[in-house]
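For reference, the structure is listed below as structure tokens.
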Amino acid sequence: MIEEEAGIVFNRQIADKTYHMGLESPRIAAAAKPGQFVMLRVFNGIDPLLRRPLSICRVGGDGIFYLLYRVVGRGTAIMSRAVKGERLSVLGPLGRGFKLPPPGDRSFLVAGGIGIAPLISLSQVVDKDHMAFLVGYRSAAEIIPAEQVGADTSVSIATDDGTAGHRGPVTELLKANVERAGEGRAIVFACGPLPMLKAVAALTSKWNIPCQVSLETSMACGVGACHGCAVKSSSGQKKPYHHVCQDGPVFDADTVDWGRL
Amino acid sequence: MTEIQPDLKTSLGSLTLKNPVLTASGTFGYGQEFSSLVDPNLLGGIVVKGLSLKPRAGNRPPRTVETPCGMLNAIGLANMGVDAFVEKRLPLLRELDTVVIANIYGHTIDEYGTVAARLKGVEGISAIEVNISCPNVDGGGMAFGTDPDISARVTEQVLKKADKPVIVKLSPNVTDIRAVARAVERAGAEGISLINTLTGMAIDIETRLPRLANISGGLSGPAIRPVALHMVYQVVKAVRIPVIGIGGIMDYRDAPEFLIAGAKAVQVGTASFVNPRASLDIVEGLKAFCQGHGITAIDEIIGTMRLR
Amino acid sequence: MTEIQPDLKTSLGSLTLKNPVLTASGTFGYGQEFSSLVDPNLLGGIVVKGLSLKPRAGNRPPRTVETPCGMLNAIGLANMGVDAFVEKRLPLLRELDTVVIANIYGHTIDEYGTVAARLKGVEGISAIEVNISCPNVDGGGMAFGTDPDISARVTEQVLKKADKPVIVKLSPNVTDIRAVARAVERAGAEGISLINTLTGMAIDIETRLPRLANISGGLSGPAIRPVALHMVYQVVKAVRIPVIGIGGIMDYRDAPEFLIAGAKAVQVGTASFVNPRASLDIVEGLKAFCQGHGITAIDEIIGTMRLR
Amino acid sequence: MIEEEAGIVFNRQIADKTYHMGLESPRIAAAAKPGQFVMLRVFNGIDPLLRRPLSICRVGGDGIFYLLYRVVGRGTAIMSRAVKGERLSVLGPLGRGFKLPPPGDRSFLVAGGIGIAPLISLSQVVDKDHMAFLVGYRSAAEIIPAEQVGADTSVSIATDDGTAGHRGPVTELLKANVERAGEGRAIVFACGPLPMLKAVAALTSKWNIPCQVSLETSMACGVGACHGCAVKSSSGQKKPYHHVCQDGPVFDADTVDWGRL
């Protein structure tokens, strides 16, 4: 775990309400694994008080790591106004990332909107020949240009309103892809809004395919000190609650009590 | 301004701290979480997360929410239980060259005593801090700490079972903090720490749900500092035992306010979430503050508030 | 989303307000100070600065100090006295087409009654708000409002002398706000407003002087909003009379939290210093909020907090 | 009283810790009188919460008014980082300014450090032929170039350490100037640190020369609503306390109880 002031290398809007930021921190960049996150102090004051958890979207070879974030509230709005050269305190890399499948296994990466962020870095390390990267948006206007943020594979898109790609939820794309792929070892990685994750977890459980999900909760510390980031674990787990910041943010879908989320 | 090394030592009754900065219970885990960033040996002490007799899962999430210059938490005192703590966490804490204080609580007066008894003879714990802010199950939900008599009885019960100095941590959600302070002093407490969190809540106006599943929670952070400082000042004047000031201390300029008001030491809570190194920064800042003001020992500023 | 004009009317017992937004006592002067920026006629009402029997000079300066997301004040209830108010300020207030509420206080229970009596038969005042947070001179300095019995006696005394609806404004510096609320309800109050300020202090670490000449003062502003909201929520559940929510309301997103928790109206205090138009912005923001959510009358959201 | 978002026309450092800012607000510029002030919201958040009181240093013909401020704490530090084009909420003009002397009267303007700000605008309206503008600093490094901020008269300087101008307190310069001027109607205007103001008030009282001082207190509202900005009035005044924001910030020195300041 490293805490340091990282210089902003760039910070630009790349889609509706969505920004891409590069931060120079060779130590964090060197240590980060796909699915891990940082706690970012969006500015140097005491209101807003807490750090913001953000997935490491990608790591460059140049000591820079990248964030992909959506402006949803005050903290992310402040971030969106930060300019090149400013230094922001970053704490990371934090949590447990994705467990990588053995080569040859088919990977299905399923994102909902900004949920694409942690999956970008994953897409760079899983076997590209056996990977499908599926992303759902509400509408074409929201589409995040995946190749611009580091996905070096093509991405299939679904939109709720049919303005781009498949019309309908991304889970329909997932179904189609899994069916098309047929027999053989497969694994699903998912990140996105809760209803989507629930649907993915239900499907993979029905199919009996392993599934790893990256979860979001409110976080005060990000390092396991406050016990704030609890999610109920499924029966049979050792602990009644997982701590997303330490035990996750990536969980095997069957270790989470989806009914209580 | 000579570069003398100011003496930051302070004492809490029979306890001596190498400096007056401790980490507050529930905000620094079991001392290991931040250890790659903060060497706990450089701190005055560590107060561990509240320990109960049985392990506790804690409240349903969401458990935390940010508020103006503060945060609400309703962790629900999630913890591994006192026995697991002694077995699994204490061995590492024992290696430390600093004061380790066990924060404890119970659901009944008896249970407070039982937890204290489990720490009897246990090495590596320098003192017990008794959290009397938790809801009193027998007493209709109001916290033990809101009633001076019950506060005193909890204190007596812990003292009966404990073989270590007992510090009682007061709840600020009371009409007259001095009355509670005097009661626990009379009951035999060796020190008093305050404040615990103020009760508060927040509502999501879109969903009309409380932002915490528990509805209400404890407010901490800089927002509460003025309230904390005033209560510390009042209690210092009301009792003779040492007082530890807690509440919204973010940096080295905040800590001296509490010391000047008469606290012998301070605890740093929420600040560690914002800046994991906050406690250590405060130790270093206090040193520089003393150097800059020609103060040779931190003792020289304790309780030195002037009046106009 | 049709552009219907939502009905913002709300009622406080026998009083009807055109909208649920009032200005809080002590923060909007006598209604004229901001009038070039805020047309008071567009507000639900105005609560004037606390009035005492005799004019009061107030405390020695410094009287205000900024704190994290808040401020402390120790104005010392400086005011021109009830008679001068009626003579000099009320004539202009009388011209207003909105509810004007006189905030009053006394140094003894009797004096509360006397001030109320001076407002008897006086036109242009719709209700009396009784500030029971001031130190009780007879009672050793603790505020009247910290004791349910004394709070009830003050309420009764005012009711005996007043010919207007009586709203009692509660102090948050108590162990159990519900007990005070129930006591003043039983005593006949027609409404309850809360919270007044939390007691706090701040110290200048360079001079070691308290930042307020009065040492302690009242904490207000967004820092206290979570505490205020929780107390409002508790009181709403404890009494049947209408409750006015006060504490750290800065903009139109804060006001619905109090309404959803069950307050029939809100008061805007410190926010007016930061943004003189805050109260009016909140009226307009509430209107837009209703429009955006298909709410046709503000009544529809009052007390509608859901539970998980 | 006007409240509006005024655009920053420029904001630059002009001396040690001292900045000069131009704000475009034709309505405030048109209404302002020498000695009045504004309440400035240094940024759009809630911490720091309160507005900052700042004297109107000068008004341009172009709808711009100017501030001269010293960085002493968090609010002024935030101000110093603001850039051209940003808009800050300004409330003003507030308070009562200087009462101008009849033409022909001799005016002595006495400033301590940043106390020069309100006197600049005064210097532009009093009779230049009968004016002396005296400014004291601790050291030469602190000197604010008065001509650059609008004083179109020459300024006599005193420094405590003698690094520029007269060595000693500015009151010595005042004494020398008043003595040199000899008989005839005169008036002193002063703004600066409290000890300086006290000394000036004592001198003018001894000389029996009228003196107007611009005072500073902490202010919450700036408009007379909070009663926070009290200063004790001298015996014989109608009210026990003046309110600096409404009754001042400029006061006749003999209406203030200097012993209680």
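Observations on the model:
By letter and in written order, the chains are A, B, C and D; residue numbering begins at 1 in each of them.
The definition used in the following text is that a residue touches a chain if its C-beta (ideal position, glycine included) is under 8 Å from a C-beta of that chain, and two chains touch if they have at least 3 such contacts.
Worth saying up front: this structure is predicted, and the values here are computed from it rather than measured.
Shared contact partners of chain A and chain D comprise B, C.
Averaged C-alpha coordinates give centres for chain B and chain C that are 34 Å from one another. Distance from the chain C centre to the chain D centre is 36 Å, each centre being the mean of its Cα atoms.
Computed from the mean C-alpha positions, the centre of chain B lies at a distance of 46 Å from the centre of chain D.
Residue numbers of chain B whose C-beta contacts span two or more other chains: 60, 68-70, 221-222.
Of all residues in chain D, those that touch two or more other chains are 46-47.
Viewed as a contact network, the protein chains are fully connected, with every chain touching every other. Remark: chain A residues 46-47 touch chain C in the complex. Contact residues of chain B toward chain D in the complex are 68-69. Partner chain D is touched in their complex by these residues of chain C: 26-29, 33-34, 36-37, 49, 57-58, 60-66, 68-71, 73, 75, 78, 221-222, 250, 270, 272-277.
Taken in their complex, chain C has these residues touching chain B: 60, 67-70, 72, 142, 146, 173-176, 198-203, 205, 207-210, 213, 215-216, 219, 221-227, 229-230, 233, 248, 253, 256-257, 260-261, 289, 301, 304-308. Looking at the complex, you find that chain D touches chain C at residues 1-3, 41, 46-51, 89, 91, 217-232, 239-241, 260.
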